[in-house]
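These notes open a run of structures that come right after.
What follows is chain A paired twice: with chain B in the first complex and chain C in the second.
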Partner chain A sequence: MSVDPFRTLGIDPRFDLDLEALDTRHRDLSAALHPDRYTTKPANERRMALDRAINVNTAWRQLRDPVQRAERLLEHHGIAISETTAPKASPTLLMEMMEVREELSEAKQARDLDRIGKLGQSMSAKEAEVLEALRLGFVSAAGDVNTLRTLLPTLGELRYLKRFFEEVEAIEEQLLD
Partner chain B sequence: MALFEIFDPAASPKPIGIDLGTTHSIVARMRDGKPTPITNCDLESLVPSAVFYDERGQVIVGREALRMASSHPRETIVSVKRLIGRGADDEETKRLGTFEFVAPTTDEEARTVRLRVGADRVVGPVEVSAEILKALKQLAEDELRSVGGAVITVPAYFDDAQRQATKDAGRLAGLEVLRLLNEPTAAALAYGLDKKKDGLFAVYDLGGGTFDITILLLDGGVFQVKSTGGNSALGGDDMDRALAEILLAAMQAQAIDKDTTAGRELVRLALDAARQAKHALTKEAAIDLELPVRGGGQTSVRITREQFEELIAPIVARTGRSCRRALRDAGVNADQLDGVILVGGSTRVPYVRNYVQEIFGQEPLADIDPDLVVAMGAAVQADVLAGGEDRAGEILLLDVLPLSLGLGTMGGVVEKVLPRNTTIPAGARQVFTTYADKQTGFDLHIVQGERELVQDCRSLARFTLKGIPPMAAGMARLEVTFRVDADGLLTVSAKELTTGIEQEVEVEPSYGLSDEQVEQMLLEALDHGEQDLDTRRLVERRVEAERIVSATRRALEEDPGLLQDGERDTIEQAMSTLSEAIAGTSPGAILTGIETLDETSKAFAGRRMDRAIAHAIAGRGVDEVDETVSHARGVEAHVAEHEARRSSPAASHEGNT
Partner chain C sequence: MAYSNKVIDHYENPRNVGSLDKDDPTVGTGLVGAPACGDVMRLQIKVSDDGVIEDAKFKTFGCGSAIASSSLATEWIKGKTIDQADEIRNTEIVEELNLPPVKVHCSVLAEDAIKSAIADFRAKQEASRALTGE
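What follows is the complex of A and B.
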C-alpha cells in the first residue's frame, strides 16, 4: 500500500499516537466521506468519496495496529519494509518463542484454557516491554534513518508476538466452541 | 396532514425501509419525523413472509398465503430467507420441512436452491423473496402513492452471496435499493434515536431463522459497529423443528415419507402446532395440544415449559458462543456495556431472555417492539439516504464486514485479504505475478469465512483476469484491488503494473445468479418482452441523468468559489447537452452525456472533496471553516495526494460479484 496513512488521516507521523484522537479523526473523516453522505451527489463525487473513505478506513486500521504503525512509520522515513527483507529477530527471542509455542500446543492438546490464558498474559507483559522499547526507539531516533534501522529487530519481536496472540485467540475460540 | 397526503395527486416519491424477515416482513416510512410501520387495511404491519403459488400461476403473499400452507404445503413457501444465496446442496435443504427441492442438472442450476411449486413451475429464493418485496412495495404505495428508494435490511452475518441475492430480489421487485442495512444496526438506530442515550451497546437479534450479535458504540449520532457475529441459519424455526419432531412421534408419524403430499401435510401440521405451543409457552407453564394420529384418531400431547426449554437449550447455547466471540472481537467485557437491546420475535421466549441476561450480566432492553424495531431503523436510514430530513448530517452508520474475505491459494490454504470486523467501506490490494512465460490469464478464487482451509470456507466467486500482455514468467505484476462497499458487497478489479493496462475481470459466482440471469428474470417479469426492457432502460437512464444534472447544479450553487476560470461554462454546457439527451429517446446519447458531464466536472468534484476533508480535519462543528482551513494540518498533504492520484489512471469500478 503506497499511500501514507499518516498523510491520509492528516496526523503527525509518530509511534506513540493518541489513539483516542486517532479514532476521533477517523470518525470525523468518515462523517465527511462515507458513501451514505453522497447518495444525492454527482456520480464522480460518489466514486471519489468511496475511494477516499476506503483509504481512510485502511489508514485507520493500519495505525491502530502497532506492528503496521511501526512499519508505515519506517516507510514514512524512507525505509522499505517487507517481511522477507527485515532482519530476523534475535536468537534468544526465537528460542523463547519456540518454547512458548511448545507450551501453547501442549496446553491446546490438554484443552487447558487456564494455562493458555496465563501464557497469553505473560506474553502480554512481554509485548508491553517491546512496545515501550519501540516507542523510546522512535523518539530517540528523531527521524534519523540509520538509527531507525536498528529498530527493525524489535519490530520483528513484535511481529512474533502478534502472531502468537493470533494463535492463542484461534485456539481459545476453537476450545470454547 | 394525513388526509392531505392521501389525496395529493402528485405525491413525490417517498423512501421506505423494509425488514425482509424469515417469518414476517415489515415496511416502514418516516411520518412527522418518526419512523412508522405501514399497516394494511386490517391495521396489521406484520406481513407473513409466505408466498403461495396457485395452479393457474397466480401468486399470493402474506396472511392469505399462510392460510394455504396446511392444504398446499409444497406450493406455499415460508422462511425462504433461510435459503437465499445458498447452493442446491446446502444443509438447509435437508432439514425438516415441506418443500420439494429440485435436483440441479447443470452447474449453473446447482448455484441456487430450486423449489417446485407446481407441476411445471420451479422457483428460486430470489424470485420468492421478490414476491414478498413486491407485496410490501404495494402496501407502501397504497399509503404513500409513490415509493422512492428502499433500504432493505439483512442479517449482519449474511455473507456476500446472501447479500447479493437479497439485492437482486429487490431489483426484481422493481425497487431501487438504496442500501442493504444490517438488522442489528438498524435496530440500534431506531433505539438510539428514540432513547437519545450514548454508550456501548450489544444488540442480540434472534429472529425466525437468523441470529446476529452486534457490539456497537453510540456517540452523538455516530453508530460505530465494533464487532458482529452470528449464524445465518439459527432461529425460532429451529425451535419449532425440534418440538415438531416430538409431535410427529406422538402422531405416530415419525417414519412418514415426507416427500408425499400426505407426509408434507403432517409435517406442516406438526410445525404449526409447535409454533403455537412455543407462543403459548411464553406465558403458560404448559400447553395441551390436540393432534391427529396417523391412520385415524386423535391424541392429546402436553408440553411443559420445562420440556420446551430443555429442547431449545442447545439452540440457544449456540448464540452464547457467538456473543462471547463478539465481545472478544470488540475488545470489551460484558460489564462495560451500557445496555443490551433485544431484537427479533424469538427473544420473546422467556428462556432466551434469561439466557441473554446471564451472558451479559444485565437485564436486556425490549421496550421497542422487537418485531418492528428493525423496519423502523431502516425507514430512518432510507430517509437519510434520500436526503430528506436535516438528519442526514447527524446520523452516521459505520458498519463492518461480518466474515473475513480471503483468497484460495494453490495449497488449499486461505490467505486473508480483509479480516472480519473490518470497518466498511474497505479495500485491500495484492500484487500477483505470472508463473509461466507469456501467461495472459490468471485465476483467483475468493472465499469468505474464518477457517484455514479453502474447502471449509464459503466459496464466493472465481475471478479470471484476462488480457495480460505476454511477458516472461514473473515479469507481469498484477495488482488486484478488492473493495467492499457500504452494502457489504465485494467487487474486484485488476491492473497490470508494468504497463498500467486495466485487466478484464470475468466473474463466475459460486452461488446465486449471474448478472445475465438477473437481467433475464427482469425481462421475463415484464409482459411485453424486449420493447419494454428498452423502455425501462431509457426510463432508468433518464432518471439517473436527471439526478446527476440536479446534483451538479446544486454543487455549482453551493461552491461557486471552487470553480476555476471558464470551468462553469464547460460544465453548464455539458449539463445542457445532457438535458437535451434526456428530452430525446436515445439511451446511448444519455449515457454519452452522463460521461461527458462526469469528465468535465471531475476536477471541480475533486476540489469539493478536498474541501470536505479539510473541513473534517479542521474540527467538528466549525462553521466558518474557510478561515480555519488554511491552518489545518495536513490539508496541503491531501491536496498533493489528490493531484498525484489524478495523474495516475484510476482503478476501475467495474467488476461485480
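What follows is the complex of A and C.
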C-alpha cells in the first residue's frame, strides 16, 4: 500500500475534491518547504524538507488524477488495489472499448484529426458519466467497505477510458508534430 | 523499459494481425481486457471440422509486451487442436518472451484470450447442435 496522499496534504479524504483548493494547498506547502527557506538550517532538516516536498508533489499528482484518487481513497478505507484484485470488465464494456480503439487507430492512419477530436468528445461525455457515478457512489457508501467494493467495476471503466485518452493525446501529439 | 529482442521482433513484425468474421460458426472470438491498465485484446480462431485451429488473428491495443504475447499466442495455436491450445499456459509465454515480472499480466491476458476464444467457439457449436436437434 502506498502513502496516503490525503494525509500527506492534510486534507479530507473524499472523491469530489475541490481541485482549486487542492492546488492552493499544494502551492502553499511547496512554498513552505522550498529549499531557499532552509539554506541556513542543518543538513538533516534540509533533507527532511526535501523529502517532504517530494511526497507533497507525488500526493498532489495522485489526487489530481481521478483514477489514482479513487484508488488511494479505496486504500484509505482498507481496500487493497492491485492487478489481481481488479474485477474483470463486462463484455459490453470490452466490446465498446475495442470498437472505439479500432476507430481511433483508423482515424490515426487516415491522419483525420477531426474524427479523432469527435471520438475524444464522445468519450469525454462517457467519462463525465462515469466520474459522476463514482462521485455518487463514494458519497452514498459513506465509508462502508462492502459498498465501496461495488465501485471497483466503475473504477475499472475509468481506467479503460484513461488509456483511451492517453492514446488520443499521443496520436494528436504525433500528428501535430 | 528494456524489452527483450523477441518482444521487439513481435512488436515490430506482429504475426496474424487482423480479424475473422465473428458471426462465422467455425470462428471463436475471445475479447479480454486488463482491468489494471485498460489494455484490450481480441483473439480469434477458425476451427476445422476435426477441431484443428486452421487460422488465428489478433488485435491488441496495449503495450509492446501485450502485443508480443498475443502475436506469439496466435503463432503457437495455429495448427494445434483446440484441446492442445487450451493447455497453453501464460508461464510458457513469459519464458519465451523473457517478460519481466511487471509484464507477466500481459501473458495472462494472452492465455485468457485463447481460452475465451475456445469457449466462444465451443458455445457456438453447442448452440448449433441444439438448433439442429442432434
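Following the convention adopted for this analysis, the second predicted complex is superposed on the first by the 175 of 177 C-alpha atoms of A that agree within 3 Å, B and C clash if a C-alpha of one lies under 4 Å from a C-alpha of the other, contacts with A are read in each partner's own complex, and residues count from 1 in each chain.
One rule holds in what follows: contacts are C-beta pairs under 8 Å (C-beta built on N, C-alpha and C of every residue); 3 or more make two chains touch, one makes a residue touch a chain.
Nothing here was measured: the structure is a model prediction, and the numbers come from that model.
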In the superposed arrangement, which partner chain does A:82 touch: chain B (first), chain C (second), both, or neither? second
Mind working out whether A:94 is in touch with chain B, chain C, both or neither, as first, second, both or neither? second
First, second, both or neither for A:143, with chain B first and chain C second: neither
Quick check on the superposed pair: does A:117 touch chain B, chain C, both, or neither? Answer first, second, both or neither. neither
Which of the two partners, first being chain B and second being chain C, lies in contact with A:156: first, second, both, or neither? second
Is A:27 in contact with chain B, with chain C, with both, or with neither (first, second, both, neither)? first
According to the stated criteria, A:102 is in contact with first (chain B), second (chain C), both, or neither; which is it? second
Chain A: partner with more touched residues, chain B or chain C: B
Chain B and chain C footprints on chain A meet at residues none
Residue set of chain B touching chain A in the complex reads 178-179, 219, 222, 224, 321, 324-325, 328, 381, 384-387, 392, 396-398, 422-429, 483, 485-486, 547-548, 551-552, 555, 594, 597-598, 601-602, 605-606, 608-609, 612-613, 615-617, 619-620, 632-635, 637-638, 641, 650-651, 653
Write out the stretch or stretches of chain A touching chain C in their complex. 82-83, 86-89, 91, 93-95, 97-98, 101-102, 105, 156, 159-164, 167
Taking the touch rule as given, give the residues of chain A at its contact with chain B in the complex, in rising order. 1, 3, 7-12, 25, 27-37, 39-45, 47-55, 57-58, 60-61, 169, 173, 176-177
Chain C residues within the chain A interface of the complex: 31-40, 42, 59, 61, 105
